[in-house]
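You will see chain A twice below: alongside chain B first, and alongside chain C after that.
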Partner chain A sequence: MSGRAFAVAAVVVIAGGLLVAGLGLNQYYYFAAYVVLQYVVLATAWNILGGYTGYVNFGTPAFFALGAYTAVVLIKWLKAPLLAQLVAGAVVAGLLGLAIGYLTLRLRGVFFSIATLALTVVLQTMFVNWEYTGGARGISLARPATAPFYGSYVQFVFAVMVILAVLAVATAWCIERSWIGRGFAAIRDNEEAAECMGVPTLRLKLLATTVSGMLMGLAGAPFPFYITFVEPASVFDLNYAVNSLAMPMIGGTTTWVGPVIGAVLLGSAQQIATVTISSELNLLLVGVILVAFVILAPEGIVGLVRRLSRRDPA
Partner chain B sequence: MVSLDLLLNALAAGLLLGGFYAAVSLGISMAFGLLDIVNIAHPVFVILGSYAAYIMNARFGFDPILTGVLFTPVFYVLGVVLYRIYYASFERKGAESLRGLVFFFGVLFIVEVSLLLAFGVDYRMVEARYIGESIHIGPVGLAYRLLVPFVVGVMLTGALYWFLARTFYGRAVQAVAQDAFALRLMGANPFKVKSIAFGLAIATAALAGALLIMIGPVEPALNREYIGRVFAVAVLGGMGSISGTLVAALLLGVAESLTATFSGPSWSVAVSFAVLLLALAVRPAGLFGR
Partner chain C sequence: MSAEVFLDVQSVTKRFGGFAALNGVSLSVRRGERFGLIGPNGSGKTTLINCVSGTLRADGGRIVFGDQDITTLPAHRRTRLGIARSFQIPKPFMSMTVVDNLLIPLEYAAGGHGAAAMDEAMSILRLMGLDAKARVRSGALTQIEMRKLELARAMAARPKLLVSDEAMAGLSSNEVDDILAILFRLNETGITVIMIEHIMRAVMRFSERIAVLDAGEKIAEGGPDQILADKRVEKAYLGE
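Up next, the complex of A and B:
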């Protein structure tokens, strides 16, 4: 996809999203679509680190929750508007990303992954013990009485999430098209060789973890106003880790389209399954699909399509 | 002012807990430390062992330890099957590390959600005559529900140590950990040795699970707390050293027990992860590194 085509597509998606947000459909649709879009952001963010550089991050909940709790603190302390919450959430989660970037100096491969999981549990314990944000019981938050631009607040946060999703995908697209993306791929294939060839591996890894963390924090920041209740058990949910990893794996990890395809397919399927079957059963489905893809189609849907189109050049 | 009695009791409870942690971590020390298989799903198999003990106890009144021993062959087979899938899908293709990790993460999720579907989120426990009782030595009280897991955990560690150091297959496992290629040159099959070792690693989860449900009530998501603990113990113990695993498990048990007594139990989960992060960052080879 050329730069111009991508820009046009991005503008069309944003305009369409803002328009749909104004239609005033059944509120449930906005609720469900918000979750799918949130997964587009999370999966894309995960893929920038996990797919491009090959560092598997199990700590998505930590970044997501940090974004959400930053927003909680700002709401409670300053009654800050949503835009301020987004910026602050991204900055704080980005700083955590920078910190785990330095971890990659000593921890490669599986040790990095286990460390990110450890980080999630440590952070969760801290928030369980922090009374200011409600501790383990959680905290209820009041939205502003009127929503800007739209009839209801749910429509408003839906519109915000549309913009965030496009922003995340555009970030991934820009990275992929620049020398940074090629540097990431070099790290993924062979870090020592990349370093020897003069690729600034540490700086690139720090960039990857920071950007990935920022986007995850950005996905979490509107969460308090979306659901009006935040508790450690729900924002530190392991489902975020599994989903944000399964979606790129299913879609394909080497391009920006992969996570989007995975998030839309798996995210919508889960929303439908939650209503029609049960929320536990749809999680089971995610696990089975993830294992099936990692065994049978490690390149994801994008890889499958490529393989098929190569075999059949008609 | 810290009272001496409180400190002694916390220390004793920590040591007992540590013996149990050794039982839970042995499987990881073998799979991760010796075989390089990042079985992040090990704790969920421990939970599976707990539910086996729960069912046998609730339906037929079986003693949890007896169930644990009876189920080791079942878990062994489960481990062998799991290793075959893992080998055919990842190890043979040389793509084991990261995709293998994702595979086990998926397995963890599948087992956990299946348990959730079958038993719900309720806490389950077992009943046995001795579970509520304790013995007192001076000011220190030792509860049987901790003492029995400690004894069984230490015995299991000893048995595994003996197996690895003294038996033919045990030595083969150590050989495959050192150099699988050289093992092949000697005319042995690394695949066969590794599937036996991985089967044994999972088999320890049956017994560890029975101990877990004896110590306290169990629910499916409990395995996540243990991911940090088992990897902390395996890394701190020096990746595959069985005696190191026991020492690291005892240290972690004492550290957690002291934290729980003096700062509150809600902090004790974070201890293991903090230990793990620290060990990974400062001394990845562990205390008893090879």
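Up next, the complex of A and C:
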């Protein structure tokens, strides 16, 4: 996709999203669509580190929750507006990404993944024991009395999430097309060779963990005003780790469009399953689909489509 | 040939646990020289090259390149200074096309970009006879093509010192001649070349000077004729 086509698509999606937000449909639809869009951000963020550089991160909940709790603190302490929560959530989670990158990226492969898993546990324990943010019981938060621009606050946060999703995907798109993206791919393919070909591997990996962490924090920051209740068990949910990994894997990890496809398909399927079957079925659904894809289409939907179209005698 | 020392390896030591892979190895390569590095399997040739290119950090000794001490410099900085290497076991960027493999060093080490970098990549591929494969994913190359890609990629870093680590293993004798011709041509443009090779015919023909490693120590250094006549070298290769 050319730069212009991408920019046009981004503008159309944002305009469409803002318009839909104003339609005043059944509130449930905004609620559900918000979750799907949140996964577009998380999956795209995960993919910048996991798909582009090949470092598998199991710590999505840590970054997501840190974004959410940063917002909680700002709301409780300063009654800060949503924009401030977004910026702060992104910055704090980005700093966590930088710190974790610095501490763990000398570890390779599976050891990095284990460290990110541990990170989630450590951070969750911290928030369970921090009374200011409600501890293990969680904390209820009052939204502002009126929503800006829209009839209800849910419509407003939905519109915000549309913009964040486009922002995340645009970030991934820019990285992918630049020398940075090629450097990431070189690290993924062979780190030793990349370093010997002049790629500053440590610095690029730190960039990847920081950007990825920032976007995950950004996904988490509107969460308190979306749901008005934050507790460790829900924001540190294993679902975030599994989904943000499964969605790019199902869509395809080497391009920006993969996580988007995965998040929209899997996210929607989960929302539908929650309503029609049971909310407990979600993880099972993800598990089965992921196993099927790993076996049948290891390069995801994008890889599958490419393979089929190449076979076409076009 | 000028006598200026370009790469100065000063009593470099590298240990893996209790095993000394390199034990105080010193050698100096002059600017513009064609230098051969030989020795039996496990004698420390690749370890030495890893220490020079920065893949491994030397435990002792010093490495000076030009007028700069590079002993503790990370590998990517050394590449930017002008040291490029090929790997004995090819390590291509598998998911990329052949030409994209060359764009990595062109962009990251040689400061090239855009269409000019692409042109340069293509001309290197032509030189190596890989231009027909430019758009093929490098993971789909044959073993021999991968070896050529290794060398092509190292050349794309626009090195001042090129280290060729067994670039010719497995190649037919015609192909060995082709690679030799390319290395000679590169050397004529002023690039210093260190060749690690088991194909004696090639090293002897190519090198102005040769160093011989055995069990982590340098046992001989000199011109090809000197090395061939050296009793210690004969013993290292053939035993008593």
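Heads up, the rule we're going with is that the second predicted complex is superposed on the first by the 312 of 314 C-alpha atoms of A that agree within 3 Å, B and C clash if a C-alpha of one lies under 4 Å from a C-alpha of the other, contacts with A are read in each partner's own complex, and residues count from 1 in each chain.
The definition used in the following text is that a residue touches a chain if its C-beta (ideal position, glycine included) is under 8 Å from a C-beta of that chain, and two chains touch if they have at least 3 such contacts.
Given the structure is predicted, the values throughout are model-derived calculations rather than measurements.
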- request: Quick one: classify A:Asn190 as touching chain B (first), chain C (second), both or neither.
  value: second
Next on the checklist: Tell me the contact category for A:Met249 with respect to chain B and chain C: first, second, both or neither.
Outcome noted: first
Report for A:Leu290: first if it touches chain B alone, second if chain C alone, otherwise both or neither. first
(message) Let me test your reading of the model: by the given contact rule, A:Val128 touches which partner, first (chain B), second (chain C), both or neither?
(response) first
In the superposed arrangement, does A:Arg143 touch chain B (first), chain C (second), both or neither?
neither
Review point. Does the superposition put A:Pro200 against chain B (first), chain C (second), both, or neither?
Key: second
Per the touch rule above, chain A residues touching chain C in the complex are 179, 182-183, 185-186, 188-190, 192-202, 254
Residue set of chain C touching chain A in the complex reads 53-55, 74-76, 79-80, 84-85, 87, 91-96, 100, 103-105, 107-110, 113, 153, 156-157
Seen from chain A, its contact residues with chain B in the complex are 54, 56, 58, 103, 106-107, 109-111, 113-115, 117-119, 121-122, 125-126, 128-129, 136, 238, 242, 245-246, 249, 280-281, 283-284, 286-288, 290-291, 294-295, 298
Listed in rising order, the residues of chain B that touch chain A in the complex are 38, 40, 85, 89, 95, 97-99, 101-103, 105-107, 109-110, 113-114, 116-117, 221, 224-225, 227-228, 231, 264, 266-267, 269-270, 273-274, 276-277, 280-281, 284
